[in-house]
Amino acid sequence: MNAHVNQNSVSAIDNIAKGDVLLQVDNISLSFGGVKAITDISFDIRKGEIRAIIGPNGAGKTSMLNVINGFYHPQEGTISFMGQQRTKMRPYVAASQGISRTFQNVALFSGMSTLDNIMAGRCLKMHKSFFWQIFRHGPALDEEIEHRKVVEDIIEFLEIEHIRKDPVGALPYGLQKRVELARALAAEPILLLLDEPMAGMNLEEKEDMSRFIIEVNEQFGTTIALIEHDMGVVMDLADRVVVLDYGKKIADGKPAEVQADQNVIDAYLGVAH
Amino acid sequence: MELLYNIFIDPFVQMGAMPDFLLQVLWEGFVSGILYALLALGFVLIFKASGVFNFAQGIMVVFSALSLVSLYAAGVPAYIALALAILIMAALAVTIERVVLRHLVNQDDIILFMATIGLSYFLIGFGELIFGGEPKAMITEELGLPTGSTTFDIFDGILILQHIDIAAAVIAAILVAVLAIFFSKTRIGRGLRAVADDHQAALSVGISLNQIWAIVWFASGIVALATGIMWGAKSDVSFALQIVALKALPVLILGGFTSVPGAIVGGLIIGFGEKLFEVYWGGLLGGGVEGWFAYVIALIFLLFRPQGLFGEKIIERV
Amino acid sequence: MPSKGNFIEGNEPVTLPQYMLLNSTRFADLTAMRHKDKGIWQSWTWAEAYLQIRVFSIGLSELGLKPGDKIAIVGQNRPWLYWTFCAAQALGAIPVPVYADSVAEEMVYVLEHAEASMALCQDQEQVDKVLSIGDQLSKLKKIIYDETKGLRDYDHTNLHSIEDVKKLGEVVLEREGDAHWLEGVANGKGDDLAVMLYTSGTTGKPKGVMLSFDNLVISARNANEFDHLDSSEEILAYLPLAWVGDHVFSYAQTYLCGYCVCCPESPDTVEENRREIAPTYFFAPPRVFEVLLTSIIVQMEDAGKIKKKMFDYFMAHANKVGEPILNGESVGFLDRLIYSLGEFFVYGPLKNRMGFTRLKVGYTAGEAIGPEIFKFYRSLGLNLKQLYGQTEASVYISAQPDGEIRADTVGRPSPGVEIEIDDSGEVLYRSPGVFVGYYKDEKATASTKNKEGWVRTGDAGFLDHDGHLKIIDRAKDVGKLEDGSLFAPKYIENKLKFFPNIKEAVAFGDGRNMVCVFLNIDLTSVGNWAERNNISYASYQELAAHPEVYATMESHIEQVNKDLADEELMAGAQIHRFLVLHKELDPDDGELTRTQKVRRSFIAERYDVLIDALYDGSKEQFVETEVVFEDGRKGNISATVNIGDVKTFPATFSQNEAAE
Amino acid sequence: MFYREAGQYKTNYKDDLATFPILQDRIAIGIYLVIAFVAIPIFGNDFFINSMMIPFLIFTLAAIGLNILTGYTGQLSLGTGAFMGVGAYACYKMTTIFPDINIIILVVLSGVFSAGIGAIFGLPSLRIKGFYLVVTTLAAQFFLEWCFIRIPWLYNYNISGAIEVPQREIMGVIITGASASPTARYLVVLSVVVVMTWIASNIIQGRIGRSWMMIRDMDIAAELMGVRPLQAKLSAFAVSSFYCGVAGAMMVFFWLGAAEVESFDVNQSFRILFMVVLGGLGSLVGCYMGAAFIWMLPIMITIAPSIFGLDINAATVEHINFMMIGGLIIFFLIMEPHGLARLWSLAKQKLRVWPFPY
């Protein structure tokens, strides 16, 4: 009755202690056809923390996430995840290493139900061969059921039971965001990247989402890196904050320190909010 | 060894041995390249302005040419028939906009594409019902187009140039020039460009999307008519052309979907490539390679440069 | 296999834990409990449920639950909450279910009054609530919770999950076996205290009604026999655990004959879950049936023309022949044929949508049900019946036997129940179900139950010539107008509430010169009407004040007046003036009880300016009211409420009818 | 109206995951199967079975194939005809080379060839999307068509260039060739199509089908969730082509009896595409409806005038047919882009909530 999300499969390869560096980003630069999106950025994400990446529009926040999960390949700099330096790799490799994410503009699989969307998050953990899939009996069905149970735990955790079988396309925005979080959680990530999880939400939805993010962090010990626009939210949620502006890092530290930083104040005053 | 020789050496030996023949082949390639370019031009016009990949461009070529020929056969003087054919294309453009496109605004590209396939089927049935399915001869002379040929002595051999082919090249050049002027100098033309860039922006400067769609379809109808006349003059006007017209696709792949110069360069590449390959390498494969060569070229090309010849590198965003 | 109990084999069990023991063998493989959880109906057989209860019960004992201790049970219908009843009773402890939606002050009173030493909470919300009042609970030692979510980081010194308690039990089971525990169960006696149910009470503080096992077991056995219920039944447990009805239907009766209790996923999904389960035995207050019917009518308003026509035609036909067919009377072949067509096209699908496809017996109780509503369901072929009961009677006082169903009575005295009407018209009863007493309240017990065991119901009523009981109103509410004519407010209110547009009505008139009413419109029904007529409104308040709504209300009241004019006793109590309240009556504001009954005196006090306006002839009146929002914040709403006048009719009652 | 879902609750995930969770649906499927396997063979005449049912079923299978690729994986293809051809020619060659092997096995094996070829032509889909992919599938279409003409080995150097079906039997019943009875051929085709529909439905509901739909709905997100685009797309191409290949083989062996390259030309590709679009992208039942519609409509148009005593020549009917299909495609894209399947599911939904409108 009170099953928890099974973390066994992850902890087997996750031998980093809480508080140690999980992801190290060193001197990353990224440009598109001469336009610099990110310039010489370094920071780290430590195991078990909620790390926020903030900055005004166009500061390179989303590009940074895209670099972390292998969607963009930086021209310079290195990234190491769980102590291993990585070379160019495809996003699915990052996913299989335990990096999972949500998107700024909800990127759900619009033709599928909530349940299937979250099941989709389990795809890396499902392996039964094509042969068994043909029959959808025996091992394939057992596997499906086993993962369904995990998905149901997540559904319960995020309180989306009532939309379980609804197509996601028709859901209100706030719920879509929640389903997306559920999908990312279904992958049992070591590092969870959230790209503006609270964008476009009303106050109540924001409070719910903050609660879920904290609970994910506390209950499952998932390390979270999140991008957010809303300074207030970040200051409440994050353990440490890195601030970007025009593709450069201008501050890094605890929320209070960052908030007092003159560079940060200038950057934020410089743009209309 | 022999195979390698046949593939890599022998064709070039032959080219060197008979340069006049090579020239002749290149000319033929040039001419079909022009026609491909014209076909592609019709696609580009519509795609540029509306983002619709118009699968029915081929049938529009056939339909316009058949209208012209049938009107003449019904006793209408050639030039009046030409004018009427243009009017028919205008009517067709307006009808398509009213009946089809208007209802599909904001749909996925793929839906619009399918709709043009449906349109193409409809026009095939409709065309065959009105004009009959059998091939017809183009009224080349009656339209005042040259028909003869000139023979040049060159490299100890001869080069035969059909006058109609020369005319085709000239007309294509004129069309392209006119279109270029139309796009850059006229208000409507600039409007079209605005639409292509940004629908909202276009609306804000007071251009009706519906009008624009009708206009581009009409413009591409005229291009289709020109293509139909030229093509008809070389062979007959028949519905089989419709399948040939699909070759505009690989042309577009090479040239890019929105570029007029790209369409021309792409057309020429395909035209030259196809003829040379057919003549010098086709024999090795048993001939008839024209049917697929263009596609395979495009396919190979795509693998190395998915954004096309003139397209910019695509940056995917999340 | 669960081990056999050592209460004397072959003897009838007398306590519910003893029944559990019996069921674990006689119904071992039948499903005892289902719960929609994680997307499917998780199920437990009696044998499985028994094992859960046993280990949990032993764990509770380890945790310090002693015979005579009270354990509060706070939450919605969940298997573990029901099992806790049995687990506690097996130890001789007394479960005290508490309304899940009661606010902190109410809970303080109940827990403190009951001297609960433990509390079982369904989830974090309830745990938080209990913790927030912890310093006011002198006796509470331990809190146990079912759903772990969010509770991980709480201080667990005195907080335990059910799993933790079970682990305690497992250790003991392994070490000592279950003999000691079984002995405790076997020693249970029929007159042991089984449960304490706090009545919400329309006035004053809640009172703890003490029921013994004999009360529950005998009442439950009689009820099961009365309706021929057996182990094949499936019911949906969706009413509050603290309500005697749920306790008897979903707990006592279940244990007696072994049917399956299904717990819905959440209160929001009851409709959907009922559709899935299709209960065979169903119990609901009239409100549920009203809401259901209203939603049917509203939905059919939106249906296509043909479908609507068809619906109307077949419903009219059912209205004509449905009840006779259900009652087994002779009905013409053609009528039967049309009825069976209707069954295919309308009745069957309707029952399917409502989840009543498999319904054997349905009951409505608590309040009078509208005759039209009652007839609607019966004409569909649903065996819906009325009963009259009380917490103090372990529910059953009277019930309608099959074949003797009438909308205006609550049936004959239930098996084993005697009924008397005293001089003031108040109904008294005596039965095996009569409660032991009010906990720590000798005075109240004595004023309700006399030495011979007769209990005052507090309701006025009479037995008609068929021996059916007819209830008019609360005895103390029945009053007189200045001119001496009888004024039964509930009677009038119920007549008003039979209109789908009227959600709630409060009548005034005792000691005054005329009858006036407050109304609440039904937002679903009236809102739908507004939508169809392009009447836009931003809030309940705006819609309620709409002139056309007032016109509609006026016509409804006129209809009621016409009806009243027909009745000998009531003709003098026709409604003269009315108003539509600017807000919905709400239990959070204390205007309704948790069981959605109006608290007339409270309302009269709260809206005294409005009442004054009704009686001084004003056309409108400004009023400002403090309200509690859902999140607990308080605020004020104010409005100027219009007052309408209604036509009354001369009494048409004739002597011939009376003689009939 | 027919649905009585009350009381049909699921107590385990296996039931909850069932393809047809509603009892009434299972009954309906049973009835359809009885009609298809019993009633039609008994009551259907040769014309009905041979000219309507057999091609309908074969096209359904091809449509399922294309739907897997286009409807479920979002990869538009105009090469269906050619992939059917690969199956047909492969099967023909195998019957020549292995005359003793059961024909059904060969038909299924021919799908494997088709799957291989399909996967090869699916390779570009890794880098190419949308219209660009149409070009690569057209390349496959025209190149393979050319192969069917220019490689005489494929048709055993027949002078006519056609492949002709030899006579084969299973368990003593002749099922291919000129003397095979329509009923025998029908039952073979029906069995294969039913089994393969079941398999398709299984795959689609499972891990692999989900990865296809992920690619279709949002390929970038899919990759970030760990789907390998290569595996997902190529498996879709392979499975899709397998279905088309089997359909092509059956078309020749159990319906036409002989075939030339024209049977597999680009018009065939279009026809299957229309079936999928009209029937409904991303729906298996839509494949049946689309195939029935596109195949039966012309027959109706042919028959209808004669019923009313009108004499319209075949060519005219053919032209009207083209117009109708083209017009219908446009009509459906405008009115109901999800095709007949959506109408079907809307109707089903209506019946489920009957008598309520929602």
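What to note about this one:
Each chain carries a letter (A, B, C and D) given by its place in the written order, and its residues are counted from 1.
Just so it is clear, a contact is a pair of C-beta atoms (placed from the backbone, for glycine too) under 8 Å apart; a residue touches a chain by one contact, two chains touch by 3 or more.
This structure is a prediction, so every number in the text was calculated from the model and none was measured.
No other pair of chains shares as many C-beta contacts as B-D. Using mean Cα coordinates as chain centres, the one most removed from subunit C is B. Separating the CA-averaged centres of subunit C and subunit D is a span of 57 Å. Averaged C-alpha coordinates put the centre of subunit B at 78 Å from the centre of subunit C.
The mean-CA centres of subunit A and subunit B are about 48 angstrom from one another, to the nearest whole unit.
Each chain gets one centre point, the mean of its Cα atoms, and the points for subunit A and subunit D are 41 Å apart.
The residues of subunit C that reach two or more other chains are 39, 42, listed in rising order. Taken residue by residue, subunit D touches two or more other chains at 13, 220-221, 224, whereas all remaining positions touch fewer. In subunit B, the residues that touch at least two other chains are 316, 318. Subunit A meets subunit D in the complex at residues 69, 71, 90-92, 94-96, 100-101, 103, 107-112, 116, 119-121, 123-124, 126, 128, 130, 133-136, 140-141, 143-145, 148-149, 183, 187. Those residues of subunit D lying in contact with subunit A across their complex are 13-14, 17, 199, 202-203, 205-211, 213-214, 216-218, 220-229, 235, 282. By the touch criterion given at the top, residues 1-2, 115, 148-149, 152-153, 155-157, 161-162, 164, 215, 218-219 of subunit A touch subunit C in their complex. Of all the residues in subunit C, the ones that touch subunit D in their complex are 34, 39-43, 275-278, 296, 299-300, 302-304, 307, 310-311, 344-346, 348-358. Only residues 1, 3-13, 15-16, 353-358 of subunit D touch subunit C when the two sit together in their complex.
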